[in-house]
Amino acid sequence: MELTKVMEPLAEGGKVKTQASYKKLGKRLLRSKTGMIGLVIVAVVVLMAIFAPLLAQHDPAKTDVINRLLPPFWMEGGNTDFLLGTDNLGRDILSRIIFGSRISLLIGISAVLLAGAIGMALGLIAGYYGKVWDFIIMRTVDSLLAIPNILFMLIILAVLGPSLITLILVLGGTSWVVYARMVRSETLSIKERDYVRSAKAIGAKDFRIIIKYILPNVLSSFIVIATLNVATTIILEASLSFLGLGIQPPDVSWGLMLSDGREYIATSWWVAAFPGIAITVTVLGVIFLGDWLRDVLDPKIKD
Amino acid sequence: MRESLLSVDDLKVRFKTEDGYVSTVNGVSFDVEKGETLAIVGESGSGKSVTSLALMGILPANGEVYDGDLRFEDKDLRNLTKKQYRQLRGNEIAMIFQEPMTALNPVFTIGYQLRETLMLHYKLSKDQAQKKGIEMLETVGIPDAEKVMGRFPHQLSGGMRQRVMIAMALSCNPKLLIADEPTTALDVTIQAQILTLLRNLKEKSNTSIMIITHDLGVVAELADRVIVMYAGEVVEQAPINELFERPLHPYTQGLMASIPKIHDVVDELYSIEGTVPNPAAMPTGCKFHPRCPLGDIECTKVHPALEFVSETHSKRCIKVKG
Amino acid sequence: MKYFFQSLLKTIPVLILITLIVFLLVRVTGDPVSLMLPETATDAERDSLRESMGFNDPIMIQYFNYLGDLVTGDFGDSFRYNTDALNLILERLPATIELAIAAMIVAIVISVPLGILSAVKRNSFFDLFITGGAVLGKAMPNFWLGIMLILLLSVTFQFFPVSGRGTFGHLVLPAITLGTGIAAEMTRLIRSSMLEILGQDFIRTARSKGLGEAIIVNKHAFRNALIPVVTIMALQTSTLIGGTLITETVFAWPGLGQLLVQSVNLRDMAVVQAATFIIAIFVILSNLIADLVYRLLDPRIKYD
Amino acid sequence: MNTAEDQVIMEVKNLKKHFDMSKGFIKKTNTKVRAVDGLNFKVYKGETLGIVGESGCGKSTTGNLMLGLLDATEGNIYFQNEDIAHMTQAELRKARRDLQVIFQDPYSSLNPRMTVEQLVGEPLVVHGLASGKELKKQVTELLELVGLREHQMKLYPHEFSGGQRQRIGIARALALKPKVIVCDEAVSALDVSIQAQILNLLKKLQKEMDLTYIFIAHGLPAVRHISDRIGVMYLGKMVELAGRNELFENPLHPYTHALLDSVPIPDPRLRKEHQLIKGEIPSPSNPPSGCPFHPRCPKATEKCKVDMPEYREILPDHFVACHHPLLNEDTSILPDSATV
Amino acid sequence: GESSSSEGEEPVEKSDSKTLTIANGTDIVTFDIHDHNTTSTEAVHVNMFNYLVTNDGEGGFQPDLAESWENVNDTTWSFKLKEGVKFHNGEDLTADDVKFTLERIAKDDTLLEHGNYNQIQEVKVVSDYEFEIITKNPEPALLNRLSRLGSSILPKDYIETEGWEVFLEQPVGTGPYKFKEWKKDDRLTLEANAEYFGDAPKWEELVFRSIPEDSTRVSELLTGGVDVAVNIPPTDIERIDNTDGVSVVQSPTQRVMMFTLRTDADSVTGDPKVREAIDLAIDKQAIVDSLLGGAGTVTRTRVTPGNIGANEGLYEQTLYDPEKAKQLLEEAGYADGLELSMAAPNGRYLKDKETVELVTAMLSEVGITVNLELMEWSAFNQRYQDRDFNEMFYIGYGNSMFDASLALDRLTTEEAKGESDYNNTEVNDLLLAAEQNMNPEERAQQYQKAQEIIAEERPQIYMFQLNAITGVNDRVEFKPLLNEMFYADSITLK
């Protein structure tokens, strides 16, 4: 009997186990090759955006007609002053990519935050309160879903003019439906779980239940979708640039660079190729990270 | 005549997990004899299902048998080719599962799923298989068998589905039927129906049955012999009457004492303290010792072997004497 | 069928909402008249045009007039082409549908085998390769891919015509361009859907019956995995149509997408409204059909 | 059980809950699931009332109604002379201090994103009963009461085993010092050895804290072990209710009889042929006419097909709803003695 | 390049073909010649319809449908039609058709071109082949108007009996090619009109493709998919010239790019010295050379050669002197620099965005900080119509009239209000007088004088005249026209 007491903590787990589960997370990340790649890429891009002024060799807006369309340094005619070459106005492409990461990320992240906030709130309301709320919100969602995203943006941006703020507002304001749908359906199922009934049984008010019980439990799916949407948004911004409705100079984004550079694909490939690579790699990183988050945060796979 | 149909010797199964390999079945040995019903009992997570899946050769992708001998009649199961194993499965060894809700494919009709096995193993034509399928459904007591053949699983109740599973398992006259908790998900009145059905079938066909359960009531109803598992090991093995009359291992004893008896009300139930250990962090020595009333320092050191106290009764404990 | 009609009725509030959204979008947002005249036009010229087009009425009156017209099938006239907007759209619709279907086929042909394979060979090098490829397909903006395909397959190798619509060859590149992004998305979905199904009890049952792996994967698992995929495919209609805006512009494909881009730029409101509305109906219809297919595939859902 | 009227703590009168499953936009298909269909019973202070029945017969619904988690379609639930079925949200919240619940699934009944401390302390916080040090002290006491350690306070539910989780759930229910606890299949999901731990704990707590339990379960042995009186439900109706020994030794309703007979007895020497009842429980959305059990009942007559038998006290403290109760037959299905 | 192309067989095969394929950036918008204002549409229409007279691009006019004409008095012009001209449906062309056509556009104010024809009072039919055009006021530029967009002659009987709907679907004209098929946003096909009254058509079939994406259009040209491709991006000039079988031809257009500046006292640009400094700070030639790949001609006036009233002394001229610009700013009291805002459309004109970005950089060199506001065209246009710009905006005007009047009328005191706020009495008087002066020489002088003053005072700073850059397959001979029309028969097989 003595011994039972001694051994029990081991059997019951305890602190040891908690540490283990954090370590597990780290281990999992290390083991998941793609997750690791994703994390590194995203970290690099974020650092690049934060420290852009320190990293960039040149002023991204500085034009230099004499040095226009210089190839990257390893090619004939290129020089190390402009590592990745210059664009049609003689601006340093590397510096523009570094600064472009700011706007591309800013747009990606803020649009997603905005959409997420709206979608989360409306999804929770529709799912938790149901009835008329649900009807109104979900019909609106249905209507907006029936109109292709990009068309919607095209129309609004054509009118409002594509400034940074309008871009964020439009990108965010049209993509919340995805979150609303997801949050609603998750809410519907979480609402029926015993722990929500248990909260009701102890007398918790609706607001508390929504904030403390439902929201944290939809959060993991939410984060996954949000991460993936950052990627989608970066691409959407590029597409809008193609249609002439993306970011406008003197601001610079990867989408803008890519879209402007398409004219030079055949003659001066580097003008478009490098922003293209920047977008592709970043999106790749974000998606890998999102997939990894999905694996880690999904309770089904967790145990 | 004791004639071994299946013999399992020192079976070890492990899973590849994020913490490396975790061994969940650690040297299980037992025999199933022709015509007998063997019950495996034990707590959740003790490795009952894993053992049966290992026998069937259908462990999940991250699991593997890494040691031991598996013999079915004269075949060495571990050395069969994939194809040979497939011919064995569903044909000579059949299996029914716990959840009749999810064990049938929701998008195919009952008829399709029944015929599939028959056409595969007996090379029957579709019509022949249909006929035989209806016959099988009738055998397991399904009224309107012909209609049921055209139904989808969701259109049947839990009890009916379990009957379909049994019909499917028996359709190729297997020599061994493995039933993994076949009644756990069912209501008592339905459970009684299914247990009766199994008992009658056995009487008729001389199929050996290996039934996995944690309900000692079911064991008492059905089994000839019982194996008790704890933490991936066999801790006791005995003929049914002997086990109930004279359980030797402290775990078996505790298990028996902790069931509330329907007709013998006590004030306080006996209870085994603590919980089943995590397979990734097994206690040293005897795996039951942290929960064992008899456990002492000796038990932490020695991993007891399975000893026979009689020809048919064995236990894995150094404290109790046969 | 009864179910279908019921669902159809349920879309009425959605359609009304869409008319409102479309109307507001276009109407609140600006004055098309100035765009119809050259830079050198005078104010007086603009005013008379504005009056003659009825843009001086209060907004609600305009909306109700618009709704009223809509009910009679009158979507207004395109001022760019000076003809009935609906006709314009219906003329373009076949081209867009042709492209959309071709793209969908490309997407299916790519994604189904790859999705299944990578699920079956999960975590292998092969899986990593496909997953990486799928992500890459998604990470590449459409217009970029289109231009690259033209440069490579049309200009350098001259396998396919550069642009326009006509022969089968004309369809190949735009369909690949449009289909790739969707294929990427679908590959990932099929993979995860398959993975989920492969872990289910009935797969274990199928194995215990002695079925071969090919039958288990292609029949037992795939039939089940298909169910969510159909829904996703339907949800992709909207993305697909959205993608035509860009793909059609790149390939000079004479469809709705190109028409829309130009109409938006020129504020040809009647066309934008009508096209958006038609697209919305198209998307809703395809979702309804997917729902029906879903019901056919999944016997668990009963009609009515 | 001679319990005086004044000790009635809850009373359920003609309680009904019909779920409206109508579908369709234009043409309503009127399907109602009669989950609970006219229940009448009393709960006495300090007792354990067991409710048994097969899956889908309305046990959980009854429990949820008694907790005010569902709105009743019809009928009353008096708790300390106030009608829960007709309370406002605010009144209900107050009543919850005396009326708590323990759920079946220890995995889904605890919010995975809250620590044990938050889980157990939450009822106190919600009702503004304690905060800061006091809260911590009370939580510690509660954990001790259910056999958990203080050092486990900061852990999340997934770091516990099923039995431990169930203890957390019990501590949470006890936080408000309730008078009545509804245990909805509180031990069904647990392993036998753990089940015994929890049953013992519940019994101990009942004594110490003067609790009244409504113990819902389909596992008959556990119900018999813990209950003072037991009600048997079938298709949303109470078919029999009596003291536990009375019910087990002298079941009057053919369904009760069959139910008891179906339970496998963990003793190989007592192997026997079961008196099987045919068929399965009909759907509550389309219940049979008359007595709901008649299609499966060996004793059913024409009358049973038409008339719903009255629920009446046929013997002292023994209620039954049957036209043909097994009064004069030898109903003893159980052996005189059984040992292990 | 060579016609024996190394790029595979397609161009070679096409060489025998009597089909001419031309790639435009946009589709034609309509066959209602009165109800559009799109040069690229007109460029197609000229193959199906005829004007009364054509502008030879050197200040003179050539007969087309009209055999001869005469300016009878200030407001009356008499014309004589060629006889035997037939519409594609076989009807004869008569003066009634002319009356029908011109009076429609002159009277119907819902038509987009109405503004350019409402000067016409009436068309009097004298006989089948003789008629008079009466204008409301003296109209010196009548012939310019009659030789451009909106003045093609339509078949009266056909339209009146069949209705406009039918005409728009099966248009009928008098031109060398007749309508065959129109797949909107894809291609318009015309076929030779054997009955044409002039020289027999050289092509059996004309195909006008619409390919909006520049790089796609270039690719089509490179692969021989089209014979002529318009609006080639300057960056591709070299690439195309270096490819066998295709080459680029350039020709001036009527469009002149410019900045409009505010001249009112409240604006920093109200100071002429500031305006001059801005002009001097911009190296226009460098922009033309780098961004446009040489596809433009610097100018100090908007009225370019080929237009009545052009001041050739200001053409091909440019001023660039950043040092002097700095000095001027200093003199104006902006030694520490100054700030102004500049608006520009993005994507409307060739390299518009890049141009203003470069200009911004150049201005900053002399100490002018520019707050650049780039807008998508429709947003820009909205502000433009509302006259809502601040110090500077960038714009390009075309001139289909080939006359100085259209080019300069925004600088009259009345028209300049709220835009440049330019108010120079002398210029105003000169422009108003010239507007109705029927003496061509004197009129031209008035315009030339005005241009000189404007060039000095700089309410508008002219940048350059744009060139049309057209890609051409070597199998055809193509001489672009100043008015950007595609007369198919001026394009010939080599």
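Residue numbering begins at 1 within each chain, and the chains themselves are lettered A, B, C, D and E in the order written.
We take it that contacts are C-beta pairs under 8 Å (C-beta built on N, C-alpha and C of every residue); 3 or more make two chains touch, one makes a residue touch a chain.
What you see is a predicted model; the values in this text were computed from it and never measured.
A.B. asks: In the touch network of chains, how many steps separate subunit B from subunit D on the shortest route?
C.D. replies: 1
A.B. asks: Using the stated contact rule, I'd like to know whether C-E or A-E comes out ahead in C-beta pair count.
C.D. replies: C-E
A.B. asks: Once you find the CA centre of subunit A and the CA centre of subunit E, what distance in Å lies between them?
C.D. replies: Centre separation, subunit A to subunit E: 46 Å.
A.B. asks: Taking the mean of the C-alpha atoms as each chain's centre, how many Å separate subunit C from subunit D?
C.D. replies: Comparing mean C-alpha positions, subunit D is 53 Å from subunit C.
A.B. asks: So how far apart, in whole Å, are subunit B and subunit E when each is placed at the average of its C-alpha atoms?
C.D. replies: 89
A.B. asks: Where does subunit C touch two or more other chains at once, residue-wise?
C.D. replies: Within subunit C, residues 30, 147, 151, 155, 249, 261, 265, 267 contact more than one other chain.
A.B. asks: Would you pick out the residues of subunit E that each touch at least 2 other chains?
C.D. replies: In subunit E, the residues touching two or more other chains are 215, 377-378.
A.B. asks: Where does subunit B touch two or more other chains at once, residue-wise?
C.D. replies: 273, 275
A.B. asks: For a test of understanding, state which residues of subunit E touch subunit C in their complex under the given definition.
C.D. replies: 7-8, 10, 26, 29-30, 32, 35, 37, 109-110, 112, 114-115, 168, 183-187, 209-213, 215-216, 219-220, 222-223, 225, 377-378, 381-382, 384-385, 395, 397-398, 406, 409-410, 415
A.B. asks: Once bound in the complex, which stretches of subunit A touch subunit C?
C.D. replies: Residues 33-34, 139-140, 142-152, 154-156, 158-160, 231, 235, 238-239, 242-244, 255, 258-259, 262, 265-266, 272, 276, 279-281, 283-284, 287-288, 291.
A.B. asks: Quick check on the complex: what are the subunit C residues that touch subunit B?
C.D. replies: Spelled out, the residues of subunit C in touch with subunit B are 122, 199-202, 204-212, 220, 223-224, 227, 297-300.
A.B. asks: Hey, which residues of subunit E end up touching subunit A in the complex?
C.D. replies: Touch list, subunit E to subunit A: 214-215, 218, 233, 235-236, 238-239, 286-287, 290-291, 346-347, 353-354, 357-358, 360-361, 372, 374-379.
A.B. asks: Could you list, by residue number, the parts of subunit A that touch subunit E in their complex?
C.D. replies: On the subunit A side, the touching residues are 61-63, 65, 68, 88-89, 157-162, 244-245, 248-250, 262-268.
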